[in-house]
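These are the structures, in structure tokens.
There are two complexes below, and they share chain A, which is joined by chain B in the first and by chain C in the second.
Right, the complex of A and B next:
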């Protein structure tokens, strides 16, 4: 049982849901799969007066748009994306990243939009420690940061652990945001503030309605890697998503998109590493150079017992291997 | 027994219980619950089926797994009101009277349980898997059961039991 009382509304349409959110202003939270919100409510990290459930709204099936891009309903369950033939054909990295999330039941319950809107995590914030009640941390409006006591009030090093977000960033996807004023479409990267205190740049009365993944350029390869301790039912230590396109000659790299997740307050683009690759012939040494640049540039936060130094090594090694896999796929991809 | 219709908040309580219809193992039940009551509490405390276990109660261990409209879900982080009108299957629904399901028999035969606390959740996750994929590979079984923690068996006997139940060359131990 959740230890405090709240009301629950089940609107029939997404438009009704945002209207409700607008009316309840701040006291309401959206409930999709609940796999992030419910544990957080149990620990009383959030105490909404009203939950606006999206449970009565059936998601639309993933569909290809006239321009070749793939539109995925944000209310889709992760397990359905993992199993969707259309998603496998048009955006296989999205399916693979969905398969990397949590455990089986979490994927059966959790939605794409909910995964993107998950709360950031820290070894202390997410624990129901006594001291979170006695004296709460900055993120809960308190007076100190327990894991990093020298951090100032405006600095929270909780990390954003979505597995799907880095994949969408690397795929160059957009998200459709719905509010009472109507819909707007922004690149998925603009969804994040970069602050651990409030990681999402969404207004309280907005919701993510869909993700739109553009059709890949010709000769594009992708690869995804999630570092974990036990290989299932856990958050990543570092999540790496890469797309890499080859030029017409099939040898030179036309461009790459590299995103690293679970190591900062937001999924991070490794732009310097992308510049190392663009226009170059991606030989092993070049991939290694790009991976080393990315590790430095991403500048991972120590989290969940992993030191910054370890995470830099992790990113350097696994990004190099992930790039090599993406390159292999790009060579095999249709021109 | 916990009276799920009463809130601990006394007169301050703002919310009222609402009637929720759940079809549990083919039998319809109407329960009066507040929004904050979880599905596992409704099943155990209001309906009285205590086969489903509540363990971590924060969606980590999978002991509370039940099938809602065929999907394995974590009943400890699912609100009962969200399941109004849905088909719920619990471990009590697997056996036909005294006759255990093939999967339950295989768990018994392989020794796929010791303390048994994770077993109802394991059985429901494995049942969902076998309904979707009647002859799963070892890798598929591992993936389907990754959300169910067992601290006794070391998992091998459980995976063998699922292989045995799906008729995939694992020899019965006891027969």
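Right, the complex of A and C next:
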């Protein structure tokens, strides 16, 4: 139960929504599927005076743009992405990452944009603070960090746990941002601040309108893995998304994009690991080398009871396997 | 007997249609006009003196109808255990100091939830923080922060000891001296919770001198007794109404503060008051199961025969006694039942810490101690070069053996269970296979076995159950029983028994249950005895009604009672089937000729007719029951040796549940316990830091989902029969089976990987670093070892 009063607005268009957000400045929150916002309101981690619901605005169907890229309305439900033939055909990893989220009910409500705009998480943060950890932490505007007591005010190591974001990063996707001033398009990686205090680089009066996934280069394979304890209905201990392209010779790696989520304040690109692969023949040993490099450079934060040491081992093993699956797909992909 | 029509068959659940159509009324569904919202103010400190409480601002808030602190109570204490040695120790609201985070300090009733929350926030409490202690071993050290003084009868020089169970037989020192092999191990279990889906909910309405209560519970009569006592009301002034219950697993017995507060607030306001615990409150302030630390020293002969055992158990009982002094007693019991131990010394300490109070949790000590004993037994077997089956058969108790407490195991099926489990699982062919010849890839499979035994229906308040069967004049029956159906199927089972004894249809039986005003007293659904105790009472009551019907028919038909039988609501002569009367006719005749006797049967039952009392928790003296159930369980697990990720693939439960009144319900109990145990083994843990709970939600406390279920097979070694008109013996099947399988999983992980885990849960991390430690060890130059037993 949400134990404070708030107003609800249901604008008819996205433009009206951002106009409302601009007018209400700070007191308003966007409500899409509510699967992240509602629990946080119940815990009073956020207490907006007004909710601006996107419920009256029907999402557009995913569509292929003239340049071959795929545009997905950010208001689409995650379950719609799972079920969409176009998404499966053009960006199957996006569909798979959407399917990795929560459970059926969460995916039927949660939207693509909402998933990207989720709050970062920490065991100490994600609960009510009536009698547990009652003094506020830095992220809540207070004076301490419970899990990392030596952290300074500017450092919050809550982790950003979207399953979809690493997939979009690995796919090299952009997002369209809508504000009263109009639209702008940025690489999805620029959506994130890298700070657990406020993980999103969005102005309070902006919303994500769409994600645009470029057409893959020839001979590109992909693979996605979410490490969990029980295989579903949970956030990942680590989320791994990979695309890997082979050169014309069908043997050399032309390039790879590796993103690891749920272990830092933002989805992390494993650039050093990508460099290990680029221009090399991705044999098993090379994949293992890349995976080891990634585990190191990602430098996972201990979170939700998992130690840094174990997360590194888990990422190392599962990234190697994920790369191998992507390589297999690349070999089978159209040239 | 092959002519049974109802018992021994998998009848559809009586409560099934109501539950799947949403008609079932739970405590939250009961609506009364004018109901106020109650809310509890809880301690933000693990240990603090309360210097001052000021409720005036809360009281002044519009919409607030009442605020209570301990000063508004009668100061009557309650406890899970209330005996001369362990008197009630907990007040319903904190007095003077708080001893755990989330302890109840005050309560409010207001017109709505938001006002109630605001009121709680307006209560000013001044605390003086005290040093706190969380680890029971630390808490026992002299000079540790004192949660409560040690029990006056515990003479050891330890602090914070709330109680001690101690027993010894034989000569342990001589036993170890005579052993060929002795080993010592230490095991630890972790903090888990029950995971009932329905939260704690209580609606209380004080009206016309009567306290009407709807509450999610495991036994209406226990609730009534404790609520009446703390409210200082006669039992007759408190009525616990029937509601459906959405899961308990041990977590809803005893009195909870919110139940008292709802009732007290209703007495003050004259309006109904409802308090619903949030899931966060349940995780962070309510009662979980009990982690145990267990030190076990065992001496055996070369052939694996146990000669002596010395066990020391320490539990973390939290801020009050709770069931802490029971779990250390039960851990002894679950030690002594399955195997013969000629010489034993046992001591168990229940230790106060600044954690919330602890409750029973399905198995109540059995999963912990069986995990420890069965893990160690496998290590011993390996050292001696004996297989896990042989060593268990060597020590398993046989039918008719007497137990050290004076009980008899009667038709114990343990040896058969072990043999059948080994055969059905192909245990000996599979055991050790992947370690001897590792397969390709990173998946290793392992198999393990664990055994367990459990008692049923031990004496504890209210000690016995009674049942009334009222015949309707059309020949159908209304059954009045205090039994509470918490999902285990008691109403179905009782209906089957009544239908069998009366030879009427299942649909002819209407159950009225679990209402302290209208139904007879009942033991409740929390000591694994309902089918045995209440079931036998139902059998007697129905039999009593049948005897009356037959007696009337005998008079009317002029046929001796011995020549009459009943079938399909008809009494007939076995010599001349044309001499017959329908129940309708018999009942009309009874009313006509027996001064209005409408035929009411009554029955009652109690475990152990002549035993005066329950056994002593401190000395373990005294009998438990005439009903012990035995089981052997086999687990097959898969482990990814690169990541340590492990899962239960297949479980086999071979059990001796006595007579299965409803085999489908037995199967449901088995499958439920397998899933609960695999959560225990691989997933679930209440994470805490300094007395605060880190994962007070379903997301971060990971219970298994449907996708994690393992194949669960079972077989029963039936050792009891049911005969109409005679007492029958059913054995426990609802909680003991979380135990052997936990041990089996530990042993299977070892079998797959060589990693021996002495602590639960078996996380990927622990398994992986166990593997790495083995790799490291394998690379070291070998020191010369002494070989031999």
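The rule is short, and it goes like this: the second predicted complex is superposed on the first by the 328 of 335 C-alpha atoms of A that agree within 3 Å, B and C clash if a C-alpha of one lies under 4 Å from a C-alpha of the other, contacts with A are read in each partner's own complex, and residues count from 1 in each chain.
Quick note on the criterion: contacts are C-beta pairs under 8 Å (C-beta built on N, C-alpha and C of every residue); 3 or more make two chains touch, one makes a residue touch a chain.
Bear in mind the structure is a predicted one, so any value in this text is a computation, not a measurement.
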item: First, second, both or neither for A:305, with chain B first and chain C second; value: second
item: First (chain B), second (chain C), both or neither touched by A:229; value: second
item: Which of chain B and chain C A:4 touches, first, second, both or neither; value: both
item: First, second, both or neither for A:318, with chain B first and chain C second; value: second
item: Partner chain(s) touched by A:35 [first = chain B, second = chain C, both, neither]; value: first
item: Common interface positions of chain A, toward chain B and toward chain C; value: 1, 3-5, 43, 103, 231-233
item: In the complex with chain B, residue positions of chain A that touch it; value: 1-8, 31, 34-35, 38-39, 42-43, 49, 51, 53, 55, 77, 79, 99, 102-106, 108-109, 231-233
item: Touch list for chain C against partner chain A, complex; value: 42-44, 101-102, 113-114, 117, 120, 278, 280, 284-285, 642-644, 682-683, 685, 687, 689, 692-697, 699-700, 702-705, 707-708, 764-765, 768-769
item: Interfacial residue positions of chain B with respect to chain A in the complex; value: 7, 9, 12-15, 34-38, 41, 57-60, 62, 65, 71-74, 77-79, 81-82, 125, 142-149
item: Chain C-touching residues of chain A, taken from the complex the two chains share; value: 1, 3-5, 43, 103, 123-124, 126-128, 130-134, 146, 227, 229-235, 304-307, 310, 313-314, 317-318
